[in-house]
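Notes follow once the structure below has been shown.
We just call them A, B, C and D in the order they show up, numbering each chain from 1.
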Amino acid sequence: MSQKKQLNIALIGTGFMGRTHSNGYNRIPNFFPDLQYQPVLKTVCSRNEEKANAFARQWGYEKAETDWKKVIADDSIDAVDICTPNDMHAEIAIAAAEKGKMILCEKPLARTLAESKKMVDAIEIAGVANTVWYNYRRLPAVTLAKQIIDSGKLGRIFHYRANFLQDWTINANLPQGGAGLWRMDADVAGSGVTGDLLSHCIDTAIWLNGSIKNVTAMTETFVKERMHQLTGKVEKVKIDDACAFLCRFENGSLGLFESTRYARGHKALYTFEINGENASIRWDLHDLNRLEYFENSDDSQLRGWRSIHVTDGEQPYMDKWWVPGLGIGYEHSFVHQVADFLQSLENGKPCSPTFREAYETQAVCEAVLNSAAAGAWEIVNLASK
Amino acid sequence: MSQKKQLNIALIGTGFMGRTHSNGYNRIPNFFPDLQYQPVLKTVCSRNEEKANAFARQWGYEKAETDWKKVIADDSIDAVDICTPNDMHAEIAIAAAEKGKMILCEKPLARTLAESKKMVDAIEIAGVANTVWYNYRRLPAVTLAKQIIDSGKLGRIFHYRANFLQDWTINANLPQGGAGLWRMDADVAGSGVTGDLLSHCIDTAIWLNGSIKNVTAMTETFVKERMHQLTGKVEKVKIDDACAFLCRFENGSLGLFESTRYARGHKALYTFEINGENASIRWDLHDLNRLEYFENSDDSQLRGWRSIHVTDGEQPYMDKWWVPGLGIGYEHSFVHQVADFLQSLENGKPCSPTFREAYETQAVCEAVLNSAAAGAWEIVNLASK
Amino acid sequence: MSQKKQLNIALIGTGFMGRTHSNGYNRIPNFFPDLQYQPVLKTVCSRNEEKANAFARQWGYEKAETDWKKVIADDSIDAVDICTPNDMHAEIAIAAAEKGKMILCEKPLARTLAESKKMVDAIEIAGVANTVWYNYRRLPAVTLAKQIIDSGKLGRIFHYRANFLQDWTINANLPQGGAGLWRMDADVAGSGVTGDLLSHCIDTAIWLNGSIKNVTAMTETFVKERMHQLTGKVEKVKIDDACAFLCRFENGSLGLFESTRYARGHKALYTFEINGENASIRWDLHDLNRLEYFENSDDSQLRGWRSIHVTDGEQPYMDKWWVPGLGIGYEHSFVHQVADFLQSLENGKPCSPTFREAYETQAVCEAVLNSAAAGAWEIVNLASK
Amino acid sequence: MSQKKQLNIALIGTGFMGRTHSNGYNRIPNFFPDLQYQPVLKTVCSRNEEKANAFARQWGYEKAETDWKKVIADDSIDAVDICTPNDMHAEIAIAAAEKGKMILCEKPLARTLAESKKMVDAIEIAGVANTVWYNYRRLPAVTLAKQIIDSGKLGRIFHYRANFLQDWTINANLPQGGAGLWRMDADVAGSGVTGDLLSHCIDTAIWLNGSIKNVTAMTETFVKERMHQLTGKVEKVKIDDACAFLCRFENGSLGLFESTRYARGHKALYTFEINGENASIRWDLHDLNRLEYFENSDDSQLRGWRSIHVTDGEQPYMDKWWVPGLGIGYEHSFVHQVADFLQSLENGKPCSPTFREAYETQAVCEAVLNSAAAGAWEIVNLASK
């Protein structure tokens, strides 16, 4: 057995994403034991000391810390994992890059394209390994979709459509801001569903179907005022509750995207579909182990959408888990991203999506929000303002 | 255009099946105009004169009659369609055969195997064209299943399973017997779900998978007593409310069948599935335009059950109807059976299932009921007692 | 029995829609025998005499005619059913209205809003009964959706989305124009998928969710040139192969619509979904007997999308057909529209969608095409130019 | 924070189930941190030293061992987890019980009812905590089914049906016996699909629907001879490749069970359905996060099977994982069983299914195999021979 290398991780942020990432690291030794690099949970950081301590105990971090600056100043740390609310991404990432730390940053990269630009610049100057947690790419069914597309089976692409539908903010009495609800505070989150949900759809779309050229969008805030948890006052809601856009891809195909937190009956319905000349694919997060696939070259009488249960050892990532028919869950996408990040260190290759790639997603989000504000088509501009 | 030949039909019975058959005849000129024989609705017969008249008016029969014996004595009648309750099938069919009439008999052929035997004998002696309305065979998806199986794509067959689940008799206050409810009166119906529902499953199974050798069965009557509509008294319920059986087919495959009227949530869930060495098929009456198909030779990473929407012109019967994607309904199975019957007259070939074939289904039903009564395996005996 | 009144029908056009309408009329006596008005198929008209004769024979028209002007001049005709290609709708409808005929016009109402305006004016001046064949409204599941919405169960509406996806024109060798393919000739059809498919989605949307205020759209013609059947030359394709648009409804909800003939794997996938505060509904033409319904007030642990098999006698139109669980087909929507038209004559009420209502759909289509051309949001303008 | 108690685990067997159990233990600290008992992976045992060492390294066991007798003689071990092939269950369990160890035994309990009887006796005499890994009970959707049934919502039960369909042994060239394939060797496994797959179905059925009284069964071995990996010779296959049975439950309902490894297209399709007077439930392992539920008291026009995505915090176990809509996987059932076992130690209650309960499942399996051999109905006999 080759000697393992330890990768010392510091996690900043102990919310929902802190849990998914920590679980990702923890499962590597059991399921990806052959990787040369193995993560070591060194430090977890939260402004709230009690939270930091409890989190460290629960997830096995050696140390709890309350000041992120101390964390990135710690020479024993190899990689910084940023799971804070969006408003802290840029500052921490830039500082960490300057210290030469590898960075794994939760999505979206930042609140704005301008912030994102500074982050990309910092990381590229520092030349450190980096990745952004657009985790859905690494569900086996989604990765299989990528492989099918890359194989050329679809031929010329005509259409791409995706949506991400939730229903958890319909209740007008739900407050905004503060613990657990910072995603509803535009100052912290940058935007509403556009940055939170559509960014996932855009990341996958660019990965599967290439760059987006231009967009026309609309947004809506259905509940105009909500009590703000931090101020205790009823305040204007500034996030987008819903956002939809049409677009054109560089490859000539048409795109249709929609996201909302007001689609009663849908918890986290992320779906995408891509239609090519010769084949089509669709997927649905609520049934994440399945990929639907239509191949036109099948015998015309016996042609139909295939429901592929992506649980065989020869399908992406599945040799690491159980046996055919036995599904995995949401959390595995993070395990796979950790594994791929560690593998990328071994290979010396970038771990996609890098900050640079996530910047493009951010540029689409920015064009979408600008288009909605202006009521006009907007070109996706990769040069920040 | 060739000269059309008229086939003069007399319908005996004006219940639910009278309607489905009449609709079957009526649609032939519009949808199967090229058939040499075209049905003419001559006479409808019901013991109730008012009903007979109303039915004739509604469905376009030239004449209404109350005495079936007069109907079969009428020389202008070419074919007699028997839609009465089961207890009249044998008497009418035998008499009609003796008069040289063609016969289209509603399923099940009769109440018992012994009655069925007499019917088969009568019809074969008379040498008249005949068919039994096991209509589900002629839904396009089911016919496509037959074509796939006949093509050999499945290879060696291992398993066949079917069920027919309903829930309409759960209410203990539902009466038995008489108009609309004769199916719950064993004296009239012969049996409960076995003759009414399982007979469909068995007919399809024999058609698709060959003969059944032996069975072990159980039946149950969940509600033991119900008010009888004809006597006005609470009487013992003698039909089987539910019936399930295991069997072995001649081809070595194993069979599993179940039927009930106590499966809450299912209206008419007739499903079957057949598993072969190389491919499998399944079908569901509630989504009757779809056939599910799995082919093992598909690329192993992209293999999955195909959901075939059987609505293309090249799929069975569908060139007669609309365009791809636009489904047809339950009633079309009867139109197709009429068309096939007319075609069989043109071709001089039997229209399957004939009385002889329906007799085999009856033999399986009888073995099933005997097995349930005896609590033992029973051999399917094609020689009546 | 009350005395029936005959409604003498003349059908102009013998294509696919001529068949669906004729079947609609033919089935009324069997399935809607209680209606006071009963249709009589008097005349069918096609420029091609042979076709007209064959169609008359097949469908039971008393007379075949080649000149539509003679047809509308015929005093025995009560109602004119227009199934010609779109470029003839206006001329025939206006002439027929002037003769005081009732008019049943195939959708879309016309090629342009301006044509449509003239038709509405003519019909309203004439004061004749009229309807436009947006048939999908009258599938039982869709009508049930309307009833649910009208009951108020959804509460405030947030989202409406619909698409109509086909794949039959992907082959670049498919010609355009002429018999069977006039839908691909913009001069005849007016537009491509917008008028042919999206118009259905828009009609249903307005019916279910009210008026659309403004739109932003994009269209695409994927195959730029095709052989034209009438000229024999390769010509520029002027129809829209695909069209998508975002919109805002008067009620404040957001809309998302898409249609294409390039979605590999979809034959006629018309789907819609509406999300309200308290409940949501979705439907899919490929499984037309089902309606999916989510009700938030269900016990929160046991809440889920309900798959309603709309085949019970108490559900819309289904008392006319079979028994629970036994589905009907596409064609029944036309039977229902005929029945409702006849009923409307009895009641003296309009049969929705009237020309006036179809005009609104046309106005949305026009706004969509204008928006796509201009690359800008467009207001739906009910005043024609 | 209360002081945690360590529960020292020894795992015997390093196959597929060794992995699922080890993962179950490893995730407790992260996801069930509040349990008083926390597992410590002390020892793993395999006859193959290299395997034992590698497994220890990968899964974090402190020690590797090759002799199970040493393991159970080790005083530091609190609980023995038996994951060996079935032929070793009895000997190890009895020996471990005699040493006063808690025992977690992989299913089926043993090869025969007689072996199982000795195990139950041993464990009850020793009075040690015990459980059998019928893990599927603890998938959230299945546990929710149990809660619904226990609430009485179903009313009187009429039907229970279950199947477990696989297709991995169709290839006649697959050998039998030895590493990875001991499940195909009757001497080691006891039986084929009956013990391996039907036992799961039976365990769930008894849990949800009570005891089974009597059965009639059939079994089949489709491929009669296979090369045996240990002898290198072609030998008779003695396991059942497929098994189906009918049964009656104590509560008067009818049961139908089937299992096979020859159902082409199904990887691990474990499904069950239960039909009650007022409601029905069904579930499918291939979509393990969903439960389908039909409630007859829903508005009759809007009634339909509900597809419940069992991922909300208030649904069983789901407060430990992610947020609504984000599914978990197969492996989580084992984590839940570990958690429940630890909880049971805290509560002093048995952790179902105990050996005693698993014995009843074994008794049904034995009755099934006897029935198939005898070709006769067999009573489930809880007294071993």
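Just so we're on the same page, a contact is a pair of C-beta atoms (placed from the backbone, for glycine too) under 8 Å apart; a residue touches a chain by one contact, two chains touch by 3 or more.
Small disclaimer: the values here were computed from a predicted structure and weren't measured.
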item	value
Comparison of A-C and C-D (more C-beta pairs in contact)	A-C
Repeat of the B-C interface, chosen from A-B, B-D or A-D (over half of contact pairs identical by residue number)	A-D
From chain C, the most remote chain by mean C-alpha position	D
Chain A-chain C separation of Cα centroids, rounded to whole Å	42
Rounded Å distance between chain A and chain D, as computed from the means of their C-alpha atoms	36
Whole-Å gap separating chain C and chain D, where each centre is the average of the chain's CA atoms	55
Residues of chain B whose C-beta touches two or more other chains	266, 290, 305, 309, 312
Chain C-touching residues of chain B, taken from the complex the two chains share	1, 16, 20, 22-23, 26, 29-30, 33, 57-60, 166, 168, 266-269, 285-290, 309, 311-312, 321-332
Chain D partner contacts - residues on chain C that touch it in the complex	144, 147-148, 290-293, 295, 298, 300-309, 312, 314-315
Residue ranges of chain D in contact with chain B within the complex	158-159, 161, 165, 167, 170, 216-218, 220, 222, 242, 244-246, 248, 252, 254, 256, 258, 260, 262-266, 275-280, 294, 296, 305, 375-377
